[in-house]
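Single-structure report; data block below.
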């Protein structure tokens, strides 16, 4: 499967390993995000999802293995270079620039992200503010935002970098059902504009609702890949989620 | 505290500052002759600044007790205005400008330490104001064409050269070997550098007399001197010469004693007789030899008078040269103003240039500012040796010596 | 972007015109003209420090090392016969190079690690400078009094440098560089993930800081005519700039200007009027200011200006 | 060879003093995340109190630790309660200004009380030394080193074994989590500042055995304390001890084999290089 997938893969990880001291957080992992796809990434706590994101976005360098973005090796690059090549991310806990306004924060992404000729940064920033339903808070200081707004701000900032691929980390966690629906709606729009998405989520309804395929991790390794319907039936997944005792 | 209650404070603060500023700007009445000084009363050189203030003050009070200075037939009192420059070379000149412009000082007395005085002298030279320097011994303070800066402190080189002359004299008495193995360390400041120059000037070409076996600098306010002392030990010299300010001297000599070193003669430049030195090192400072710009052991009338007055006013015993030199410098300035009979800068300067005091407390007993040395005095130093149980004894020059020096094994 | 530049230009010309108007007042006597020189120098220093300390959040205690390089560059060239004005670009350049040389490795550190590393560099620089015989060693260098620029020229030079520093600061604040700096100050990882090249942004702004600080050193040499490592490379200088900026308001354009003024005023005021307790008085005033206005004077001033505007409008 | 051993021994003895004077700075930074610019004030105060007790009552400097420790604790806790505490919600850098102000006030008070002249004290054992093989070791320095090690052991045990130590460590790790677990964070801060200041003042007591003092004394050692603390890892007491000794040795070796004037250059360069390299590793 790696052959044809590699050709059309937006992002690909090959045999990636990451250790922290004695702990192996990610173990010889292969992963691929295909063109035009939303890939769900799930797994129990400590499965290595966030570590994988940090590897893909360049916060960590892998101990071995390769990471490719549109066929180009990026695992040795610093994160700002990866961002400028078209891979953006949000954070599990939003990391806003507290001293800025909403617009300024988004402008950072627009100013420093991927260069697209002929598009003024301010315009891009405003479009992303609109896309994430933050128009009414455009000039508000970031520290006045609530959690849901901060999550959307993270998303807006990432989108403003004009990514080809977006890594979304638990954007629905901690939100009420209305907010979750709104967020999922935003992600659909983002996808519709031609951006590939890898989506880590604990809120199952959100991730199952929107993903084309789901990649399940446990203890840093793949235990299942398939459509949402396939993985929910997979005994290995059920065991990983519910524990061995429930399975037996 | 709400933001509003905070803002309420601002008018109050502004008012206090404003009133204070007005008070600070007031010049004072015009009957008095004002002279000013910016001294390091806090900061790195504060350990000395206070002595200078005391010396200046004493001279001014004495002059006022004698009725002040006669200008155009009227006797006018003198007022000394002293500011603290915090040992900061950029604040110091600005305070001098203030003394001239705001306080109306007609002449200035120097601060202390060469870097600060170096920064200060620009002001009198720019403004054409007489400046009496008692606190910076470096020759470089006295620039080419200098007309305004008068030096009442001999160059640092003379500390070193007098010390070596003493050693040569002792060699002449066959009390010291030839050549003499000399280990010299010096504080890496202007003071130390000039001390070193002084030593080199004397030993240059005198290989029969001296062999310099160590020539090394250390930083001012070092945190430890043990390794330097180990180095001194390893070169096996006959005499140990060091030029250090007080904190380094205390630490260095402590390491010297702890490491069990012994030389025929040990000298720390001008250090040795100070009260604090015996306070911290006790009998371990006995027999240290030092070169002094002034010492209480000098037999002059003026010197005795100064010691008496100083100790009556500030407590004693006065063991440091600083207040004596400061006193003498201020006295010279006041006498010159009197001689000039005017508060005009030019007149005071001319009076200073022609000044000759025959009752000086400085070694030699005379004070004048020779033009060939750019107005810096060239009085010799005296060599004194600390005596066991306290006190010092002049051991050189021979005509002033109170007895022979004790030389170690 | 271009509108900012034009506005800044206008503001700059306005500020210079204002300074020219008050010049007779400040040049009235040698003391006030000396204070003006110190004020210009402090504005330059504080604004420069604030670029990296305020915008990028990297607290440097080592700016004296850059100041000293500028001061020495100008002094040595002047003594070699170069006109002091012509030495200034060289001083700025050398300071910038030195700044980049040590800023590049050190700026990877953050928080107290960076702060302490800068102390290390500055103190090492001071001691090494003490040993460079060609630069006069610990004795420093005295500059030719005969070639003194005179109070008017010194005032003009200082005014231009100070206004330029504030304009640079304002321009940086409004630029892409400034946006990136504030982003990395708030969260370096998130900034990097948004495409900000954290290392390059910091080194770039540090080069600007260093050049301006070097100019301040050059200016200092020109108006005091005496440089010595103990002063121009000293820790006291480094710490005083930090205090100025904190008093005025860190991370703002006007804060360093206000801080430089307040600091100089308080210092001279207490030195002159409260001789024996000037240290305590100055310390108490610093404490008072920071307790009342933990963010410095600039935000409060902005608030007052806003209030007045609302009242009028 | 004897020279080398002498220099090494001197380096170790000096290094332990560096460590002792830096413990307090590290503790305060660890718990409050405050760079204590008033550290020099407490060091200086410690020397003066010790000097005064010695010259007035003839009290031995080592005995005066019994006074400087509680006094330091009280003063430190008071400064924290009355001043530092008020800035808990402001940017951490603002406390620099505050503590610098405290330092200025202390300095001024010392000038008014003691004047600017150098002060030093003499005890019966001040200039004694002990011959160990070919080495001559200063007895006061040996005593101070012993105290430094003792201080380390007491501090380490306190942090590990006692309730307050646990609370200190908890706040140092995560203030909010500690507060949520019922740790009285405000009190812990005051205690930490108090202990840090007590350590600084007692360091002053020990340093009075060989240094002379002026009100500016602390400035000399503030920067060095910073170096030691940062090199040792800010909050790591054991690291501070090792860093102090390492720095002492590096300085003395440089002074002896390269040039005495460069001893401080080396300590500062070692500091900067170590910082930059360590960070590069962990990147």
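All chains are identified by letter, namely A, B, C and D, in their written order; residue positions are counted from 1 within each chain.
We take it that a contact is a pair of C-beta atoms (placed from the backbone, for glycine too) under 8 Å apart; a residue touches a chain by one contact, two chains touch by 3 or more.
Predicted model only: the values in this text are computed from it and were never measured.
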item	value
Those chains which touch chain B and also touch chain A	C
Neighbouring chains common to chain A and chain D, by label	C
Chain whose mean Cα position lies farthest from chain B	A
Mean-CA-position distance for chain C and chain A (Å)	43
Mean-CA-position distance for chain D and chain C (Å)	31
Rounded Å distance between chain B and chain C, as computed from the means of their C-alpha atoms	35
Contacts with 2+ other chains: residues of chain D	107-108, 111, 219, 261, 264
Overlap residues in chain C, where contacts from two or more other chains coincide	127, 130-131, 278-279
Junction residues of chain B - those touching two or more other chains	41-42, 44, 188, 217, 219
Contacting chain pairs - touch in the sense defined above	A-C, B-C, B-D, C-D
Touching residues (chain side chain D, partner chain B) in the complex	3, 6-7, 10-11, 13-14, 18, 107-108, 111, 115-122, 126-127, 129, 136, 138, 141, 210-212, 214-216, 219-221, 224, 248, 251-253, 255-256, 259-261, 263-264
Of chain B, residues touching chain C in the complex	6-7, 9, 13, 17, 20-21, 23-24, 41-42, 44, 82-86, 88-91, 93-95, 97-98, 100-102, 114-115, 118-119, 122-123, 125-127, 138, 140, 143, 188-190, 192-193, 217, 219
Contact set on chain C toward chain B in their complex	29-32, 34-35, 38, 127, 130-131, 137-140, 142, 145, 148, 220, 224-226, 228, 230-231, 236, 265-269, 271-275, 278-279, 288, 292-293, 300
Chain D - residues contacting chain C, complex	29, 35, 83, 86-87, 90-91, 93-94, 96-98, 100-105, 107-109, 111-112, 219, 223, 226-227, 229-230, 234, 261-262, 264-265, 268-269, 271-272, 275-276, 279-280, 283
Of all residues in chain C, those that touch chain D in their complex	59, 102, 105-106, 108-109, 112-113, 115-117, 119-121, 123-124, 127-128, 130-131, 235, 239, 242-243, 246-247, 250, 276-280, 282-287, 289-291, 294-295
